[in-house]
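Provided herewith is a single structure, encoded as structure tokens, for subsequent inquiry.
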Amino acid sequence: MLSRMFRTHGAIGLGLLVPLLSWGVALARSQPEPAADSDGQRIEDLVVACHICANEGVMDSFGHLSVRSAKNPERFFMSRALAPAQVTVADIMEFDMAGNPVDPQGRRANGERFIHSEIYKARPDVQAVIHSHSPVVMPFGIAGVSLKPVTAQAGFLPLDTPLFEIREAWGTAEERGMLVRDSTLAKALAQKLGKAPVVLMRGHGHCVVADSIRRATIRAVYVEMNARVLQSALQLSKNVTYLDEKEIAYNATENFDLERPWDNLKRRLPEASKR
Amino acid sequence: MLSRMFRTHGAIGLGLLVPLLSWGVALARSQPEPAADSDGQRIEDLVVACHICANEGVMDSFGHLSVRSAKNPERFFMSRALAPAQVTVADIMEFDMAGNPVDPQGRRANGERFIHSEIYKARPDVQAVIHSHSPVVMPFGIAGVSLKPVTAQAGFLPLDTPLFEIREAWGTAEERGMLVRDSTLAKALAQKLGKAPVVLMRGHGHCVVADSIRRATIRAVYVEMNARVLQSALQLSKNVTYLDEKEIAYNATENFDLERPWDNLKRRLPEASKR
Amino acid sequence: MLSRMFRTHGAIGLGLLVPLLSWGVALARSQPEPAADSDGQRIEDLVVACHICANEGVMDSFGHLSVRSAKNPERFFMSRALAPAQVTVADIMEFDMAGNPVDPQGRRANGERFIHSEIYKARPDVQAVIHSHSPVVMPFGIAGVSLKPVTAQAGFLPLDTPLFEIREAWGTAEERGMLVRDSTLAKALAQKLGKAPVVLMRGHGHCVVADSIRRATIRAVYVEMNARVLQSALQLSKNVTYLDEKEIAYNATENFDLERPWDNLKRRLPEASKR
Amino acid sequence: MLSRMFRTHGAIGLGLLVPLLSWGVALARSQPEPAADSDGQRIEDLVVACHICANEGVMDSFGHLSVRSAKNPERFFMSRALAPAQVTVADIMEFDMAGNPVDPQGRRANGERFIHSEIYKARPDVQAVIHSHSPVVMPFGIAGVSLKPVTAQAGFLPLDTPLFEIREAWGTAEERGMLVRDSTLAKALAQKLGKAPVVLMRGHGHCVVADSIRRATIRAVYVEMNARVLQSALQLSKNVTYLDEKEIAYNATENFDLERPWDNLKRRLPEASKR
């Protein structure tokens, strides 16, 4: 059903697409909602998450978000190579655990899709992965300064956030670059992530994972906020008070209300993204 | 009358709410204004204050604002658990001094509502409380650097702004977190606030209080401004000139024109918030 | 003619004002433009300058701009006490060199209007005065760090920008505050300004002067930019290269194209301000 | 054909221009696209690049962008003296390698057009030049701190970005300024640029060059991002990890997808710029 929808959209021009999508929205209103955690719902959330991350400055023209399939945990959904702000349902592709698109239909996949497949393989608990080049998080990896939690809202962070140095993964290779463009590099990244919710990538960006695309989105937003606050605090004094073990343990027990920031960040989207 | 309005709005869907509110506005124009300091006026101001604080970056998806009842000083009004930018009159609930909602009608209250009830109990002069997670104020508490007044517009600040360390309130508890989720913690916070207009909360945010919701809003905006300016000044030199006792004493005697910034900040609201 | 226009506008409600102004605009299009440097043109520019300074972050809800009368150099024009973003032609009042409004018509004047009158008295070359509370300029006065020119666009700044410390003006007074609310304090400020284009006011803001309201506006915008750039440069290194005497002397000889930034900043105004 | 279009547009008022341009857009849709790398396409891209650079904060009211002619490599196109945000096709002028406008039609050329002509002469590989006064890049030249690449997206930067000190070009001249207003100064700037993609200009701004106007635009945006990230990193620690030789070499071999950010940045333009 989904792949049929993609094929149809792939065949028509962009001019036709917008009215069709509007019609889809109108239809959705008069029809039953997608099941609470169906792939349809996950893909719908993924598109909103792309727009939120772009709107909140988590994403620039690059970076990508994915969600695992609810039906088949060996599959995940991610947009074709496209700026997150521009992603629509028609741009979502399905991938297997080798990072291969199941039915590309001529659409170009992100070169760094292996980040997602390797994390899904290593972490069965993870349902969503966000890879960002956030300019407020990146300085920490570059300066070798720990991105520790200093704000209650980022209490999901561990005492220390792991940092991936791609030079270690490349070892003594004659040639080496910055992008995580194959499974070997991605496996090293997933290993560095370990059981953490976030891994920094020196000079490149970071990844955020969670048990839903909504939670990953909210986490990505609060990783930014924590980075901003920590940057300012460290400029005021080197004697900063971080959250301690007890505070982090307690945070894990709190029933954090995801829907509140999700609804608010959705509301903040420009009109064009809400259609 | 008010609680009846809530009940009606609670029973109808969101789709109906917006036209009804517009109709309310149209009606308000042809009818007499609410009395200068009635509960109706305070609630109307509270909703505008929510939108202003969100629009000026004082509030993110969390944080909350309240106003004491003009009719019954043992009661106060605050929105249900909802991002401040999204609050409408229909979301305002009434609370007693134990922090219990008087007539919840199934609406979920903010977990940290005790911050408000305990401050109202401790400070009969306070008519409004704003609790924010502002990312420009938070670094001061985290870095243990005093948020002192450096700008004439924040001359309402004392020589030193008190800082609440929740670890002290928890003492040697086995488990402890960051949120002020019961009366005991909130009482300790109110005690730290003392007679000040602002209290910082380490790693969490801060509270601003005043004798009206309008003044609390303007204060919240200028606490942000003072924090921004002080952060920059301290990055230029450690030898900063703070306002001194005389300047603060004089500031207290000046008839600060509240309506000017209030009108301007209201004007800056996005169109959707003005309806 | 002008004062008659004010009287008429003063007598009608705000609801009537907007259509009248639109009509005024329509009329202006079919009628001859105001003379190149008439008071009508100066007032029109003053209103645009208010909106630009608000839109570019030079002004918050306070701060004020004025222009000297072309017809009578012993008079100047400034809005009533109102946020600059909200100023319309109907809000402009006329003042004499004692800082008294010529025909207030019940409108409240800015408490700090003496800043303007004293500068106009001390500096016959000055045709416009802007007083701002800019949060990016203020840190320099507070930190006691010189706001020196580091960018070609701010080459109008002298080797050192004077800093006004209001405590010196108050001397050993029992009571003293931060605001420049009378002629005595304002005279001390004008004296500190001397022949400079800008004077910083510790913990309060700064003033920019020029030979036209357009030039004062562009200067105000580039004082901000210079402050931002210098703040960042000083955070990178204490070994900063400032413009030197020759570069400043040369800058004074260049025919800086005012219309280019003026037009662009006007274009950037929100639609509502352009009517 | 192009110069005729300019003449026509030059002769008509701005009121007529907008509908004509809209009509041009409508026409363009029903007509064949301009050839892939024709001068028509380059000029169209140049106008979009002007708007993108303004919208992304690379450009203020000054600064300018140019593209070499595809037909005649001894010519280049650049707007008349106008803020980049306001540039339309009708504002584009043609210049020769001496920096002289071929057919000015009364339009005023940028005083610093020699920057462009001298770079085109010295660098046959360069097809586009962007000169900006970016306030986030400028601090590096002023502080004498190297703008080195720290982010994968700015991996096109060399190990060190050259810095132009105009005082060296002026030597012992009696008078000297900051602007590059003749061929002699511009030649010295082009020499400092050498084979690099970027040259910083102390206290003035910087230039970005590339083999297309699209690539120059994307580079300009990522030079900003790299400057922002490096500024923050250096505030966290002096022990920063820069991209190394291998990473830069590898970056040069990667087929960086230009269309993705170009499309996204185009989408971000305000509606008025898209007509």
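Letters A, B, C and D mark the chains in the order given here, with residues in each chain numbered from 1 onward.
Assume a contact is a pair of C-beta atoms (placed from the backbone, for glycine too) under 8 Å apart; a residue touches a chain by one contact, two chains touch by 3 or more.
Just so you know, these numbers come straight off a predicted model, no measurement behind them.
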Mutual neighbours - chains that touch chain A and chain B alike: none
Fitting chain B to chain C on CA atoms, where both chains share a sequence, rotation angle to nearest 5 degrees: 90
Same-residue or different-residue interface between chain A and chain D, half as cut-off: different
Computed distance of Cα centres, chain D from chain A, in Å: 33
Whole-Å gap between the CA centroids of chain A and chain C: 46
Overlap residues in chain B, where contacts from two or more other chains coincide: 234-235
Touching residues on chain C, where the partner in the complex is chain D: 150-153, 155, 225, 228-230, 232-237, 239-241, 243, 246-247, 249-251, 254, 257, 260-261, 263-265, 267-268
Of all residues in chain B, those that touch chain A in their complex: 60-62, 81-83, 85-86, 133, 135-136, 138-140, 142-145, 175-179, 202-205, 231, 234-235
